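First chain written, first letter: the chains are A, B, C, D and E, and each begins at residue 1.
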Amino acid sequence: MSFLTINNVTYSYQGQNVIIDRVNWEMKKGEFHCLLGKSGCGKTTLLKLASGLLQPDTGNIQLQGKQVTEPSHECGFVFQSPTLLEWKTVIDNVLLPISLRRKVTLSDREHAAQLLELVGLSSQFERYPLQLSGGQQSRVALARALIQKPSMLFLDEPFAALDAITREELQDDVLRICNLQNTTVLFITHDISEAVYLSDRVAVMEQGKIIYASDVKLTKPRTFKTRYDASFNELCLQIRQVMSGGQP
Amino acid sequence: MRNVRLYSLLLLFVLLALWEMLAKNMSELVLPAPSVIFFTMLDGMRSGYLFPHIIRTTLEVVLGLFCGGLFGFFFGILMGEVEFLRKLLFPYVIASQAVPKLALAPLFILWFGFGMTSKVVITALICFFPLLENTVTSIQYVDKQKEELFRMLKASRWQTLIHLKIPAGMPGILAGLRVAVVLAVVGAVVGEFIGGSEGLGALIIASQGMMDTPLMFVSLLLLTIIGMFLYQLVAILEKRWLKPYTREKRK
Amino acid sequence: STEEKKDAAKQAVEKESLKVAIWSKPITEQTNLLVDKEKGFFADNGLDVTVIPGAGGGDAIKNILSGQADIAFTDPGSLYSSLDKGEKLKVIYNIYPQNVFNIVSLKTSNITKPEDLKGKTIGVYSLSSGTRQNLLVLLNQAGLSEKDVKIVETGIANFAPLMQGQVDATAATDTGLAVAKQKGLGEVNVIDVKDHLNVPSDVFVVTEKTYEEKKAVLKKFLESYKNSAEWMIKNPEEAASLAKTYAIDGKDEKQNLEMIKLRNASSVSDLTEKNGLGALDTTILQQGADTYQTLGLITQKLNMEEVVTKELLPKK
Amino acid sequence: MRNVRLYSLLLLFVLLALWEMLAKNMSELVLPAPSVIFFTMLDGMRSGYLFPHIIRTTLEVVLGLFCGGLFGFFFGILMGEVEFLRKLLFPYVIASQAVPKLALAPLFILWFGFGMTSKVVITALICFFPLLENTVTSIQYVDKQKEELFRMLKASRWQTLIHLKIPAGMPGILAGLRVAVVLAVVGAVVGEFIGGSEGLGALIIASQGMMDTPLMFVSLLLLTIIGMFLYQLVAILEKRWLKPYTREKRK
Amino acid sequence: MSFLTINNVTYSYQGQNVIIDRVNWEMKKGEFHCLLGKSGCGKTTLLKLASGLLQPDTGNIQLQGKQVTEPSHECGFVFQSPTLLEWKTVIDNVLLPISLRRKVTLSDREHAAQLLELVGLSSQFERYPLQLSGGQQSRVALARALIQKPSMLFLDEPFAALDAITREELQDDVLRICNLQNTTVLFITHDISEAVYLSDRVAVMEQGKIIYASDVKLTKPRTFKTRYDASFNELCLQIRQVMSGGQP
């Protein structure tokens, strides 16, 4: 049974030209899907639709069989820009989702501290967001999305502001955590190899349509060796070609 | 910034000197000299004559500000959140402001008696508006991205308010409070104009009746001091609360 | 016609301008002062009179002290206070020799003489109002003081608390009482202040400097004013109808007439019968000053002989 | 939103009915019934008695608002930009606000004469403060990143102001303007209380003297209408200018 | 003669721990240098110091032999986040640097339109920034930096939000424009191959220090073939090793 179903969805901002054009998509529980596509093709919009932040003009979206009409408690979201609250410290920002639902306990704080350590910000708990570098801010946003242990994660280019090393570390961390919690993840990235490395399935969008989709049949868990696998590079190349307009 | 103090004092002296000169050529009944005002004040302080008035007015201002401020903040939030209420109530809010309270005196006295209540009510009525208006505005112009974040976190309306809109709108809300603080002083005095036998407003009226202009100016001076003091208090609160907003600026 | 215009302009230039600071807005009871455009009492005497409004007799005096006006239409109370502060002023004309203040109480409270006021709650406009000062004068005449009664400031609509029983009596003026009666005040007892100490209600006051420098003009002014007052006494109906356009509160002609008749009555006294309108009585002004001093409203003993001058009074 | 209109009207009728009932049991001297007020107004309009007063007051309000608004905006910018000026001048600004204008009447008349000037000055003095305070605040809390951008572009202080701080602070500034608009009405009336022979404020005093409470309420009503009208005008301006800020919200 | 000289510069925010630690760097006229380093190592800070936005605690920075004490007219800057003015349309945002200096002429508008076309935003001139996707916003910021034809460009991860295809197109465009105008460029990126592809010289920072620097001796102009050059990949690998903590 599918966990998230996007069913023939169309969307346009302010009734102007169509941004999302009859998209269909399906995700099973625990799967990790990546969305690729040129800048401005509608990835973020699709993610917002899937998460219930936007309502489709036509078609429908279902999460665990239920129609999505608004964001759900079970979903975590990392926006394209970090979107932290300037007046809260880093750790309070991470704890925000919790503090909105109940009193923050000591174990919550410990959990937040763990996550911050995981994303490599162990010494910045009490800093304010404006005192962080761009990449540090985006890592705080990631930690915030993870603190609720969501069963569904929507990640919009969470690693775009990170260097190759940190990025690869975090890729592995996210994969591990999601595996552990059997989290379903819809992930947007511009890095083709990142997409292939992470996903069970990748899709390429163009002008609001999904023009290509492919299962990634690499062994799991992925390790650094995966990147040197022949089929890895082949898939990357294929996707590249799709994106640059050639046929798959 | 120590220089500011110096220049501030300098300016004060220049202004006082100018005033003194201006007043020399004028009847004390029209414009008393600062020196005259000073000695009148000293007298009043020494004899203790002024204290009950000062205390009374301060009390009214503080109470009125508290009620009016809370009220303005609260309704500002309500009206900022609920467009329906905003459209429904704003005509009445404006009516309550555009009407000179002085003219409504008899009604206030009728409804709230001759005592302090009517003055507190007038003060509250006068000072709630800037806070309301600024609150309504401040909580409406919130970063769209942050709003989306809160929607994603399924924050209730109330939580979005508490955790996002109010903190983000704090600078604007406090600007409203600062205006309210100063208006509260005027409010209390206007209340006392109407029917009060104690308080600096009553003293102003009484001194006008006796044509004791120096005493009137003493009252005005005391009012200014009360206003300035409260304003400064809010500024200090602001520095405390808005630290994170301005943290970057310090260096 | 252009020449005519020029002539008129010339005349206007040649007219002596004079500013009168009054204690109120331009109201019906002062119609004679306001209708110069129509009646020319002052213009015909070569005067160009401007009326300057104020909020109370104190304002009128402040306005002459600051040079904003030449003549103050003010009450003796404000005059005494200013003299007490050392200002040099001259009283040149007695506008209303009759005191217009009174104490009004409901018939049911049975207050008929000042002594009855003891222990009662009495409403006044405000701490600075004539109602309060005159109430104190009256109490003083009855051997009472401020402490024997409870004075509350009720604001200008002071009859309402009386009707609603919040006060036992209220201090007012004759015109106020008349209006209140018209609005359904009902049966009341009235104690008139004039029956106990008839201090004039309003006088024309000038500064000593103006007095010295502008005697001729002032004289012309007083003469014109007297004419206008006489006109109003003779033609109350015409005045009432003119008030509709010239007075800010002259909406209702019937009411105008009542106001004007009351003021006409307070403009005359035995003395004015004898010496003509505006006749000054130094003794009663002195008595008033002394009473104000005993009441503590002023601190010094004033000598009204120095202040009152009959020199400019128009002949009968 | 058509519903709001409906409910608004409904509320109005309910309030009027309540008032009518309340007034029935009360002397007309204290609280005239709405019906009485309405007919008094109709009369005054028909006879043309009210028009000069309305025109006079409106003129004073508009002129005062214009001067005071410009002044407040201008000084708000100056004081927002120059910390020195802010620290130096704020005591005087607060003094000018905490002092009840009613008490300073004779001075204003002395300095600005009996004509309209003194009322315009008082109006301006009363309504410049909210605009000043909000302007000072709004142009200070500007996005640090955008500020850096302008520094990088070597924008002069003036340009940063025009192209960044003022547009970014517009919502707050306009909130101040809306408070100022309503205060301006009160300002003009207070000015007329003191030394005016025309205008709705003078009419209020006169009607109090006549004990013509219905007429007083007519004046108050007219003042409210003027206030509401001006407020609405600002709201329309706001909708025009702040389009880009709210564009996202529309859908 | 060197165009930009960074001379033994130290910097710390609010007097806390040292962020930039005795950095020396030199750039010649027309050179293209890339700065790499882990997130939070101080790249942005160094760029802001070099551009005159921040003042060094010790040491000094010289542009064309003159001490840099404030930003200069000759420098363009792309911040890590797009930083557009929400109340101006896209084209007005691009024209902002011009409109601050003089009246905008028709030819300026044409120039802006050209640049917007270059960055692939030809149909969005009259839109407002909030109506753009993340990558589109960052492209507007790039166009804004280019409109002044600066002789020195500071670019802080300008392509981070862009997909591989758009990114490579823009890389070539930027290289071409800078070559044409002989622009000196200091460029921050997280993409090692991007750094190598673009630069004449790359540097790697760590904890406020420059721990590695190397000339890139690939033929110019760079073409898509460059990426398959052996020495290209070798250099990439070397840099990767430096960044992951190994010795060069």
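Convention: a contact is a pair of C-beta atoms (placed from the backbone, for glycine too) under 8 Å apart; a residue touches a chain by one contact, two chains touch by 3 or more.
Chains and their UniProt names: A, E = ABC transporter ATP-binding protein; B, D = ABC transporter permease.
Since the structure is predicted, the reported quantities are computational estimates derived from the model, not experimental observations.
Fewest steps needed to get from subunit B (ABC transporter permease) to subunit C, stepping only to touching chains, is 1.
When the interfaces C-D and A-B are ranked by C-beta pairs in contact, the top one is C-D. With centres set at the average Cα position, the gap from subunit A to subunit D (ABC transporter permease) is 51 Å. In this assembly, the C-alpha centroid of subunit B (ABC transporter permease) lies 16 Å from the C-alpha centroid of subunit D (ABC transporter permease). Residues of subunit A in contact with at least two other chains: 13, 81, 130-131. Residue positions of subunit D (ABC transporter permease) touching 2 or more other chains, listed in rising order: 30, 106, 110, 144, 193, 208, 245, 248. Residue positions of subunit C touching 2 or more other chains, listed in rising order: 62, 66, 156-157, 160, 164. Considering their complex, residues 145-146, 148-155, 159, 163-164, 167-168, 170, 244-245, 247-248 of subunit B (ABC transporter permease) touch subunit A. Interface residues of subunit D (ABC transporter permease), counted against subunit B (ABC transporter permease) in their complex, comprise 1, 3-4, 7-8, 11, 30-31, 83-84, 87-88, 90-91, 94-95, 97-100, 102-104, 106-107, 110, 129-130, 133-134, 136-138, 140-141, 144, 171-172, 174-176, 178-179, 182-183, 185-186, 189-190, 193, 201, 204, 208, 216, 219-220, 223-224, 226-228, 231, 245, 248-249. Of all the residues in subunit A, the ones that touch subunit E in their complex are 13, 36-40, 44, 80-81, 120, 131-136, 139, 156-157, 160-167, 190-192, 240, 243-244. Residue ranges of subunit B (ABC transporter permease) in contact with subunit C, taken from their complex: 26-30, 105-106, 109-110, 114, 193-197, 202, 205-206, 208-212. For subunit C in complex with subunit B (ABC transporter permease), the residues that touch the partner chain are 56, 58, 61-62, 65-66, 77-78, 81-82, 84-87, 126-129, 132-133, 151-157, 160-161, 164, 297-298.
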